[in-house]
Amino acid sequence: MGFAKKEYEFLSEIGLSSENLGCYVNGKSKANGPVVSSVNPANNQTIAKVVEGSIEDYEEGMTACSEAAQMWMQVPAPKRGEIVRQIGDALRAKLEQLGRLVSLEMGKILPEGIGEVQEIIDMCDFAVGLSRQLNGSIIPSERPNHMMFETWNPLGIVGVITAFNFPCAVLGWNACIALVCGNCVVWKGAPTTPLITIAMTKIVSEVLEKNNLPGAIFTAFCGGAEIGQAIAKDKRIHLVSFTGSSKVGLTVQKTVNERCGKSLLELSGNNAIIVMDDADIKLAVRSVLFAAVGTAGQRCTTCRRLILHESIYQTFLDQLVEVYKQVKIGDPLEKGTLLGPLHTPTSQKNYEQGIEKIKSQGGKILTGGSVIESEGNFVQPTIVEISPDADVVKEELFAPVLHVMKFKTFEEAVKINNSVPQGLSSSIFTWQARNYLQVDRTFRK
Amino acid sequence: MGFAKKEYEFLSEIGLSSENLGCYVNGKSKANGPVVSSVNPANNQTIAKVVEGSIEDYEEGMTACSEAAQMWMQVPAPKRGEIVRQIGDALRAKLEQLGRLVSLEMGKILPEGIGEVQEIIDMCDFAVGLSRQLNGSIIPSERPNHMMFETWNPLGIVGVITAFNFPCAVLGWNACIALVCGNCVVWKGAPTTPLITIAMTKIVSEVLEKNNLPGAIFTAFCGGAEIGQAIAKDKRIHLVSFTGSSKVGLTVQKTVNERCGKSLLELSGNNAIIVMDDADIKLAVRSVLFAAVGTAGQRCTTCRRLILHESIYQTFLDQLVEVYKQVKIGDPLEKGTLLGPLHTPTSQKNYEQGIEKIKSQGGKILTGGSVIESEGNFVQPTIVEISPDADVVKEELFAPVLHVMKFKTFEEAVKINNSVPQGLSSSIFTWQARNYLQVDRTFRK
Amino acid sequence: MGFAKKEYEFLSEIGLSSENLGCYVNGKSKANGPVVSSVNPANNQTIAKVVEGSIEDYEEGMTACSEAAQMWMQVPAPKRGEIVRQIGDALRAKLEQLGRLVSLEMGKILPEGIGEVQEIIDMCDFAVGLSRQLNGSIIPSERPNHMMFETWNPLGIVGVITAFNFPCAVLGWNACIALVCGNCVVWKGAPTTPLITIAMTKIVSEVLEKNNLPGAIFTAFCGGAEIGQAIAKDKRIHLVSFTGSSKVGLTVQKTVNERCGKSLLELSGNNAIIVMDDADIKLAVRSVLFAAVGTAGQRCTTCRRLILHESIYQTFLDQLVEVYKQVKIGDPLEKGTLLGPLHTPTSQKNYEQGIEKIKSQGGKILTGGSVIESEGNFVQPTIVEISPDADVVKEELFAPVLHVMKFKTFEEAVKINNSVPQGLSSSIFTWQARNYLQVDRTFRK
Amino acid sequence: MGFAKKEYEFLSEIGLSSENLGCYVNGKSKANGPVVSSVNPANNQTIAKVVEGSIEDYEEGMTACSEAAQMWMQVPAPKRGEIVRQIGDALRAKLEQLGRLVSLEMGKILPEGIGEVQEIIDMCDFAVGLSRQLNGSIIPSERPNHMMFETWNPLGIVGVITAFNFPCAVLGWNACIALVCGNCVVWKGAPTTPLITIAMTKIVSEVLEKNNLPGAIFTAFCGGAEIGQAIAKDKRIHLVSFTGSSKVGLTVQKTVNERCGKSLLELSGNNAIIVMDDADIKLAVRSVLFAAVGTAGQRCTTCRRLILHESIYQTFLDQLVEVYKQVKIGDPLEKGTLLGPLHTPTSQKNYEQGIEKIKSQGGKILTGGSVIESEGNFVQPTIVEISPDADVVKEELFAPVLHVMKFKTFEEAVKINNSVPQGLSSSIFTWQARNYLQVDRTFRK
């Protein structure tokens, strides 16, 4: 069945059509739940329809997956690596189309869309290498003629619940490692990015089928909270990897712990960038722009706080406001666009409410601050001058809003950096190694 | 230019013709040394001609390679890994033809020829994974506010001198790791397998060229002792990896050490298999056959000594002699052949002399023992009953000759196993873990 | 003040008297909570009195500990290692007395009491070595001229809640590693082993004082659930290590997770020993005896299930019942005693109720099964023949009760082994390496 | 028998007297070689006499050592660690006296003498930790139901040949690791520091004896080239660790390689310090002083080249010359002395000849440059301004002579740094991390 628009036709190259079955269960596409629309955040029009999974689909999938787990864990690790290598190659062949779909359905700009798929490819390469290095240990014992052996056994099944902002990369990080380690994977993608979930699943499933392996090794569901809760509760799933808000994440963890399961959480962040007086300003301005506006501020590692040394404060801000004003906002698939739409109308509303709150707590808007009237969920990239003590600074507003603060001493800057409850990532711009070495939090992408 | 025989025409698919330039120097095929013939050991007829490298070719190649080393070591390790990944994929695309060439020129049977190329592919996968794991260390210091950093720097250039019996796998083991670690590679293949050297080099060079990298990153020479000595003496080559006889290897090491270089030697072996009284005889017989007759006994890890518990001695030997008699000898490219020719007429002569020596030292031929009259360098697979004390048992006769000995106690078996100067590999067949754990030498392929 | 009995006088050599302050807070012994008695389980008479900590003591201790954490994490790791080395030497000097106290207050036999203290000494040695090996990584980046640095930062404060059965070893496992890693330690010992808590703390505190370090680096409390809950809730404690029942452990985990803390749990077990038909029976009988009766069955790794191959079932049981009947029961400090009392009268009661339940579910008592009338909490070591399907087999009765079952095939044995909710430890007796390699659970002490 | 001077009497506390037997052979002190004098380099007077080992002593020692190696490798690694721990404690007990002896016999100042012994103590701690971490690997195989095991086996016997400048620390680095790894140690100390060799050996031997272990596990010889050559040639010694000149080291390596042994060489160095224009001058001046004058310039890592940025060249030199003039020269055991004597009259002569050569190649003496007339081997600490191209700069003159050079760009500085044949150590003073990260050689103590 044809797509509504000609520009969606490339989707047929990655196995999608205007109506799609949202589950991959026991090696077959099927779905018996509600029908939902996948929507383009740049215009809020439907791209295609998707049938989500029902709880019966879930049960059927898990039964098959549990059985597949028994055989998959017996497959030698290097052979499992070979499967992951083929997945990497299959992704390489469709890199352009998958990246395009990520931009279309999630709303991030095309280079980011392609970059996200490339990350999975890189993970495949990494995991293939690991598949020959999952070494156990032979440990010397204090008893004569004794040795202790320690080996890594597969867990069994790894559940992966991902969020809209990285609709396929996060699956890649988890699944590549889980698969080479001998685990089956059960994936629930974000409810608002079902086409990506289906397309990624087709890539993986075709590799499994080509190698005459049970499709149930990789089991996937489009769906919402019901499926998510089923995963959290399911004793057959030994590890649940969850990416999303801290609030939901802690609930998932609690549910998993009650059944003595393991959980791996990737939750909220509140990234800060400290710029010292000796920093390369030009480099730092460009980096802050990318860190605060990229993905429309919808990364867990989005820079939300800019902590500037007083001696370069004004110069830096002048330059930053200038580049903010030149940011091209628009269709993420268009060449040159730097800032696409927020993912949903709700996100846009949250942005509006957030700006009001900022103002009410003494924040001064230096640039931006408004919603852009259009069919899509666009907002202006925003810089706010505010006290580090304002409550709103401690929260994670998932939008391109940057709080700017001033400091005098390095110690003060580190204190501000560490004054929020979240702890994911931070960075510092300086030439002085002594500063670098004292920064208190770990660095991550 | 056409090949002499139609069955050689597949060689054109891997870039070979009836006359070939034997060096890859500064990104170009060239060669100004003597013209040699590549000969099929199954019939001693010429396959194609090759121009070897002159010492001037060598010098030109090394000048370019030294320069390329300066840029290659600056390329980020994961990018170097990407090149190695592409080499792996290029090999996959020509696996059949390269494996066929190995059988044709070296003489090993086709499954072994293909298996040898597959090993390089596996090494590529492994090395790609490593390219994101070449981690240095940050070591805690006992001084407050100090850290120690330890990083792995590329050596610069790694020289690889390989032998006829694994004419391309050994290059693969060395080059894949050397390349991801940031080193350029200089390769001298065996004088009697120049076509493999050229075909492998073409695979690598095409990847380098496609990525707009200097071809001199991989520099290769067909040639003999003159080029080998030049490599050993060359201060620009920081590590020399040599595979071959212990005698030549020690000379190479001496030359390299005199200039404070590093060497990595893969020399002679004298593999033994111990079979305990509780062993699975059927499994062990099949394994011994493969270990002693495979590659016509021309592996460094070929089983040359079979150490049998007295209680299963006769049963085991009866079965082994029986399977030896069924070994199909012939053209290694023919389906079903288990034993191809020795690599050269000289190897055949060494076999003959070796058998004479064995007899003169009390060895009793249980099966085989003769050269096979034909155009090629064929010999019979041979089992000899002999005392472990005979001098000839301590030597490495590069042919399918197996010395059989009897023992009473496990301790005695280990003592026999360890009574030779070489120490490469050994194995034991037993169900009793306590035996396994006491075996004295390390295990390797 | 003198001890009630002459045989308790050795306690003065490790800093104890007839009345003791149960907290070590900001470098000082103090305590303002209820007064409790430490009781000898062999006769239920008081050894000495202890003042437990109040919640105010806790708060004072944590304030000082938080401050100490700021300085301790700046001390270079090798210097921290030197402190742990000195703790090890201080333990060596009092090994005999500490071991004696463990036997006296906990009830395990003297060799086990001394062995427990020796474990801490071994941990000290191990941790000292680690103090020069807490290496971070320098990871190659795909960007030219970039590197990624990954270092291990101290968490801050580690809370350790330990149980009566290993009243000091578990502290040692946690504290030695925590200290060299740069963390302060807050310890709550078991309510029924306060003397051990105080004596261990004195050892550590004297080393800190000798080195002019704040005593608050190591903060300790005698006390019960109130202090335990305070630790679980305390945001200043970044990791809580808990050893005890699964039920309490899951509650602690939940509390810690709610405040985004980390927890490390050491909970219930249900160890099984599989004995194959080819096993060394004599060795296995001795091992089962030690595994099932040692520490009066009060280890998390106590063998509670014996899974015997049908062909050796009767022989094995005959020998085992025989050695059970020879077990010397009595005062754990007396030479030759193999089985001391259970830790409390409640434990004894649980044993009685457990035996009733076993019988009601079809269990057949082969030996033992009764409480021993005396002043202390003694019970008979017990062997029960029972179906693997009985519910009671899935529970952890903390007493010397061994359930025996029969199997035909290796697969059946593994299935029985894995049929309980707990998964701590298991073992198999066999000479066949293939069996060993397929056992499904990991091995630990 | 009493010592010649009262100030030598402390030597009796570490087992020395005025005449000493120089070998520890099969657990006994003995020696049948020539009698030599141990001489104080501060006054060239005899401290005590020593009987060196004969080649017969050597043979007797090696026979016993070979036998001991068979049992020592069977001792569990953690038990071997316990022996090394006791050696560490024995050294702690005699730290002061051993450090004093190092100063007296070698000539380095007392804090360095004590520091050298402390290094062995630290190595003991490190090695004890390693004794529980000598893990082998269990490697996943591509064949179903197969694993590969890789374990570390002891080599057997490790030979250690040490030099006068670190007469006991180098033994410590080698022996601590060798012993926990399960190897016996054969030590030949430097001919001019026999008392240290004997005192260190007594420490080790007493620990072995106390533990009822064969003394032959540690076999030691005072002696010269004859014993050294015997070690190099001895097939029973699987690894020879040699510290000394590059010339002798390469000869040792050649001899060891001829018998297929392993060697570990610690040879010449030519340390450079680069000081950038942004460096902390005060810190750098102090560091250069310590690096160039410490141990009277007789370390392999002594700073011999100072590479100064032109913009700070004169300022830096002015300050450095000033601090050089204040260096207190004299008896190394006297408090406040910074520069003791060279080790021998020959060293003093080499210094004189070196200064002449420097002058003849255009070197300009900025301070120092002369021998100091006295009973001992004292020389002036010397700074020379010279071209980096002068031949003499490429040589290792084992004396406190510092060559100073000027540079304009960072690249030029690195080029000068790398323009010598030796490559042991280097350092740079700068605040700019980008400089640090590009320095080409690895850093070591």
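The first chain written gets the first letter, and so on, giving A, B, C and D; residue counts start at 1 in each chain.
Please note the rule applied: contacts are C-beta pairs under 8 Å (C-beta built on N, C-alpha and C of every residue); 3 or more make two chains touch, one makes a residue touch a chain.
If you're wondering where the values come from, they're calculated on a predicted model, not measured in any experiment.
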Farthest-lying chain, centroid of Cα atoms versus that of chain B: C
Between A-C and B-C, the pair with more C-beta contacts: B-C
Centre distance in Å when chain C and chain D are each reduced to the mean of their C-alpha atoms: 46
Rounded Å distance between chain A and chain C, as computed from the means of their C-alpha atoms: 41
Distance from the mean Cα position of chain C to that of chain B, given in whole angstrom: 54
For chain B, residues contacting two or more additional chains: 78, 131-133, 142, 145, 147, 149-151
Contacting residues of chain D [partner chain A, same complex]: 74-79, 131-147, 149-151, 431-434, 436
Chain C - residues contacting chain D, complex: 78, 81-82, 85, 89, 122, 125-133, 145, 147, 434, 437
Residues of chain D defined as touching chain B within the complex: 122, 148-151, 153, 246, 250, 253-254, 257-258, 260, 421, 440, 442-443
